[in-house]
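So, here's a batch of structures to check.
Below, subunit A partners subunit B and then partners subunit C, in two separate complexes.
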Partner chain A sequence: MTLVQVVVSGLLIGGVYALLASGITLVLGVMKVVNFAQGELLMVSMYATLLLNDGFGVHPYVALPLVTVGMFLVGLVLHGGLLRWTISGGHSQQIVLTLGVAISLQSLALLFLGGDYRTLQMEPFLGGSLQVGGISIGTTRLAAFVIAVVATGALLLLLDRTLLGKAIRATAMDSNAAQLMGIPVQRVYLVTMGIGVALAGTAGAALMPIFSVYPTVGVHLLLMGFVVVVLGGLGSVAGAFLGGLIIGVVEAVSSYLISASWSQAIVFAFFMIILLVRPQGLLRGDVA
Partner chain B sequence: MNPTTREAPVTEPDKVSAARAAGTALVRHRHLVLWLLSLPVLGLLVAITATSELFYGHLIVITMVFAALATAWNIVGGFAGQLSLGHAGFFGVGAYTSSILYVDHGISPWIGLFVGMVLAGLMALLIGIPTFRLHGPYFALATLAMGAILLNMAVNFRELTGGEGGLSIPFEPSWANMTFADRWPYAIIMGIFLLICLGVSFVIANTRLGYQLAAVREDEEAARALGVNSARVKLIAGTVSGLLAGGVGAIYAQYILFINPESVFGINVSIQIIVLAVVGGSGVVLGPLIGALILVPASQFLLRDFGGDLPGLHTLVYGIVVIVVVLFAPRGVHGLIRSTVERLTAHRSRR
Partner chain C sequence: MTNRRAHSLMSLTLAGALVLTACGGGNDDSGSGGGGGGTSGEDLTIGVLLPLTGPLSPLGKEMLNGYEVARKTINDAGGIDGRQVVYEVSDAPTPEAATSVAGTLSADPDVSLIMGSYSSSIAIPASAVASRNRKLYWETGGVSAELTGRGLDYIYRTVVSSGMPVYQNGAADFITDVAATALGADAGDLRFGLTYTDDAYGTAGADAFTALAKANNLDVVASESYAASASDLSSVIEQLKSAEVDVLYAVGGITDAILLVRQSDELGFNPDLIVGNGAGFSDKGFVKGAGDAANGVVVADAVPLHISDDVLNEDLSPKYSEFTKSFENEIGYEPLTHATLGYAGAMVLFQEVLPNADPADVESLVKAAKAVDVQPGGTVAGFGVKFDETGQNERAGWYFMQYQDQKLVAVAPDEFAASELLIGE
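Now for the complex of A and B:
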């Protein structure tokens, strides 16, 4: 394996980190809530994709839009049923609430689906891999990356070009002022949470053909997501995309040059340095 | 207005007023009463541990372990309001320090306990200097990352820590080795350490430092404007908290006699500590203890009775209880008890 090959595969997986992180960063930017359940919501989406495939023979890329819509609804329920009651509370209260959701989802997965590692069995997608200039690119990874680019692009368009996007951005900047301008802030929160969780759904479905799923799979991915969020700048979707690619490459290169088991520690050390040196992240902005 | 009309009626029978006086004395000196009660309670728990079946002994010791950890966390997470998500790091440093000193160098765990506490405190100080500059979610994320780095170090420094395989502590029972065949000596040691944690917590809460921490928690800017050195008080709280958590780790390692990175440094440990403190009532001395008394036995019973058939049920309880508490009793069970008592006494005085 050459270094170029490593960088490419890091970039591709970085797209999925970006997708997970943009859900976190959107909710954080608009609602000022750190969603610690995002990793477990991703886990739920992975299981949903797997079960749709095992039970009904639905191809994961067909399941992807279904899971995304399903998770959007989950997000609405999560907000309407739980989070909305703590919006006026402090950070600690919200963090602990989402931790509670994370613990519950993880336990439920273990309870009903067991602790085994499960992988999705499917025909090699488009022949399994492509050869480009001596580099081999896994098609499922490439598909995940393309999905991430499309989803991020769609989200940016939504935020930039639509009335809803304008309302979301206004709420992120100053929720009181937005309320005074006649924006239904509570409904914006609801939709934002829906979109945030839907992004976990997209990421989960895209990831399922690549990774194994097990009840605690979300823990590691959530940590990566947080690293990306902080690197990209809290609340910045474009930053999250850039950050995702960087973290994907840093992880891949450090596990190639040093060792796979050290790569995590290196990513987190990188994270600490960013937090301390440039806590505003790469791109600063109120959502977009 | 004539001031004499506001005097209390003197027609009350002497018996009632005496009882009321005794009542107010009890309330006024409730801390003293609780501290005096703590030793017989500890004695009783040790007696139960010594006489009952293994499971109940384990239940008592493990509840003490988590009560002490949550009490230690509360000093920084509750009093100072800094949501640390990396407290397993200090627990793990204490556990690994005493275990490595004992297994590799034959140094008594009693000395290891103190070395572990000092190292964990030192680590808390070193981590605190940069991270306490961060606020709100940034601080939580930074401590989460610190915990993850420590976990990775424990996995990767294989020659020192045994890596993923963990460390087994030789079973050579004696007081000098802090290793026992029975559970009651552990109940004594852990019980005393829990009382130390509660005592330190009580002293901090009722002295200048505690008031300064509360001021920082409520409004850091305002506290600084009033002359509170917020960086310094947070560092002191963090160091004391880390020190105590490290001590719990060393005793826990001697009790379980086997540690691995996931069991002491794992993010689940950090989260469990927070859940206990928040459910009981963070920011008050007895809150974490109450949380541990409710949740740890509940989850241990579920683990014993359903662990084989229904894995995950014992952690599901943690998740659901913490959601319910955050939504319906944000000040925890302690806050719930207090407001109920206040409502009852207010009702009585109105009659």
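Now for the complex of A and C:
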């Protein structure tokens, strides 16, 4: 019974990892850009949620669509103003650029918001926890999981069923051919970056009721995000979701069965084994 | 995506991730500030080494607040031998940064000594560098026994060491006597759980508790460590739950302290008593983050809060109430444990050491430090000060407080208690 509880908790935190990873994997699959600023964009979204709550009393789940849309715009600006110039410039330029954005955002947060840990003050959401057959489920964690499922589902539908999705997939497969077919590749990149950053916005708003925020909060989570992306298969949104759940469960179960201080070592050992056995990741990319 | 392309992307991702982790840890923006009085030859410059950014910063800043109030108090009273005290404040968020900042401060001839550093993980490397460079290191916050246990010549610590009998017996007396009585049970019949972070502070606290449990025949049914950056403690809490823990002893930092208390609530783990060891549990952000889940949590820390002037020595100046008043005026809220520790430690330095020494001569500072003899009740932190041969204050104390209506109130030892221990909050 206890093990079931641990697995459920692992699945819930895994949903959070998945949400973070899906933004990275989308941008990676379509634009071939590794966005190292995703963790910091998550941090910005968490602060935005916190400030909306502190300043205007907006409930974090009401703030979620606002932050998501806001971050979509941030993504457009980020691409239009900076990233588009490096698309043809190769990986080293893109890595330096996104790392630079990451470090700037960290420093700006430190400068203007301070290094303190800040926690969102809210009434327990739906009583704080639910009891299902002897298993307790934290409601804020459940909400984050549901949000991750909905966001991943919506993204897959968008990629699979819409003209925009088709254009995104075509661009991911071969950007030159896509351009020859009349697809406005630069605009596809722009929108893809917007969606990728919007996913960080969704993740940030969903995380704020669970975690404290501070300028370097993104670093640890981003590392997990990368592990999930590679595990799930580069460019695979469904793979990112699956990978997130697997990493969450491996982390929780190894904490329970062995020791919590070993969980990180075990997660990365597991990651190395996957790389050796199945280096392409679990699933083939939906967008690559 | 072709296979080769996928591989090169993957290796880039991994390499970048490594770079990023390295970047994330090192916010080494050591700078000066908080000095106020310029750098004329008349001023007395003290190097302040604290984590002011990053995960350790909330309590590092709190300690700096205590230092600032002490500096203002002493300067308003005319300074030390007519010289105004100025600080050279340096940020040391990580052990690596502490090493480099301590090196810079030690090499500065204007800096008389280094004062810091709240966290043992910062103090251990920083004091090693300072000692190697023959600079006095005045520690007011880190409690790890290792700090003064390495035979360094130039380290003096005003706060308690986790290796001291008072630290271990204080907790033992509290648990076997105060807590067991309040729980209406014999301590030997209670089931104890232990959780701690796997860093220097956490393991030091956990080792001390394990030794205590052994000496007092306490039944420790679960012992769990975790990384301070953990984002989910449900597996730890499940272990405690299935071990049917009555009393939980928790050592940790602020984010995991909040996470532990909140998730315990969510997962229905309700021990009769939670005893939190210092750091995270006494941070002002803890009550904010944990809310009502904080009530009833007992905090063991190196200083008692909300005490009356009567329990301290008559000749202590400024008195406890005067200190809290000037702190509220300067900083804007009541001083918590780390501010009080910082203030008390700095005042001992300003009133007992520096006036009796040549600040430019480290041997003269050592001589003055060795001669310090402050009786118990002679600081606002309650304890007296006398250093043993390792530089540890052998009169340092260890106190217990409980969150009651989201406010810390001293409950033990008896001479400082302002309220009884409440059970079932």
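What we mean here is this: the second predicted complex is superposed on the first by the 284 of 288 C-alpha atoms of A that agree within 3 Å, B and C clash if a C-alpha of one lies under 4 Å from a C-alpha of the other, contacts with A are read in each partner's own complex, and residues count from 1 in each chain.
The definition used in the following text is that a contact is a pair of C-beta atoms (placed from the backbone, for glycine too) under 8 Å apart; a residue touches a chain by one contact, two chains touch by 3 or more.
This structure is a prediction, so every number in the text was calculated from the model and none was measured.
K.L.:
Look at A:Q5 in the shared chain and tell me whether it touches subunit B only, subunit C only, both, or neither; answer first, second, both or neither.
P.N.:
Second partner only.
K.L.:
If we overlay the two complexes on their shared chain A, which of subunit B and subunit C does A:L142 touch? Say first, second, both or neither.
P.N.:
Neither partner.
K.L.:
Determine, under the contact definition given at the top, whether A:A21 touches first (subunit B), second (subunit C), both, or neither.
P.N.:
A:A21: touches no partner chain.
K.L.:
Which partner does A:S255 reach: the first (subunit B), the second (subunit C), both, or neither?
P.N.:
After superposing on A, A:S255 lies in contact with subunit C but is clear of subunit B.
K.L.:
After superposition on the shared chain, which partner residues are touched by A:P279: those of subunit B (first), subunit C (second), both, or neither?
P.N.:
Touch partners of A:P279: subunit B and subunit C.
K.L.:
Report for A:G115: first if it touches subunit B alone, second if subunit C alone, otherwise both or neither.
P.N.:
Once the two structures are laid over each other on A, A:G115 reaches both partners.
K.L.:
Should A:L221 be classified as contacting the first partner (subunit B), the second (subunit C), both, or neither?
P.N.:
The second partner, subunit C, only.
K.L.:
Check whether A:G89 is in contact with subunit B, with subunit C, with both or with neither, and answer first, second, both or neither.
P.N.:
In the superposition, A:G89 touches subunit B alone.
K.L.:
Contacts for A:L99 in the overlay, against subunit B (first) and subunit C (second): which applies, first, second, both or neither?
P.N.:
After superposition on chain A, A:L99 lies in contact with both partners, subunit B and subunit C.
K.L.:
With both structures superposed, pick whichever of subunit B and subunit C touches the larger number of subunit A residues.
P.N.:
C
K.L.:
Which residues of subunit A are in contact with subunit B in one complex and with subunit C in the other?
P.N.:
Shared contact residues on subunit A (touching subunit B in one complex, subunit C in the other): 28, 34, 91, 95, 99, 102-103, 106, 110, 115, 215, 219, 223, 226, 230, 234, 259, 261, 264, 279.
K.L.:
Quick check: in the complex, which residue numbers of subunit B touch subunit A?
P.N.:
77, 81, 83, 130, 133-134, 136-138, 140-142, 144-146, 148-149, 152-153, 155-156, 267, 271, 274-275, 278, 282, 310-313, 315-316, 318-323, 326-327, 330
K.L.:
Of all residues in subunit A, which touch subunit B in the complex?
P.N.:
Residues of subunit A touching subunit B: 28, 34, 82, 85-86, 89, 91-93, 95-97, 99-111, 114-115, 215, 219, 223, 226-227, 230, 234, 259, 261-262, 264-265, 268-269, 271-272, 275-276, 279.
K.L.:
In the complex of these two chains, what residues of subunit C are touching subunit A?
P.N.:
Within the complex, subunit C contacts subunit A at residues 1, 3, 5-10, 12-14, 16-17, 19-21, 23-24, 27, 52-55, 57-58, 61, 198, 224-227, 229-236, 238-239, 241-242, 254-255, 258, 263, 265-268, 285, 288-289, 291.
K.L.:
Using the touch definition from the top, list the residues of subunit A that touch subunit C in their complex.
P.N.:
2, 5-6, 9-10, 12-13, 16, 28-29, 32, 34, 36, 39, 91, 95, 99, 102-103, 106, 110, 115-119, 121, 128-129, 131, 136, 138-139, 141, 172, 211-212, 214-216, 219-223, 226, 229-230, 234-235, 248, 251-253, 255-256, 259-261, 263-264, 279-280, 285, 288
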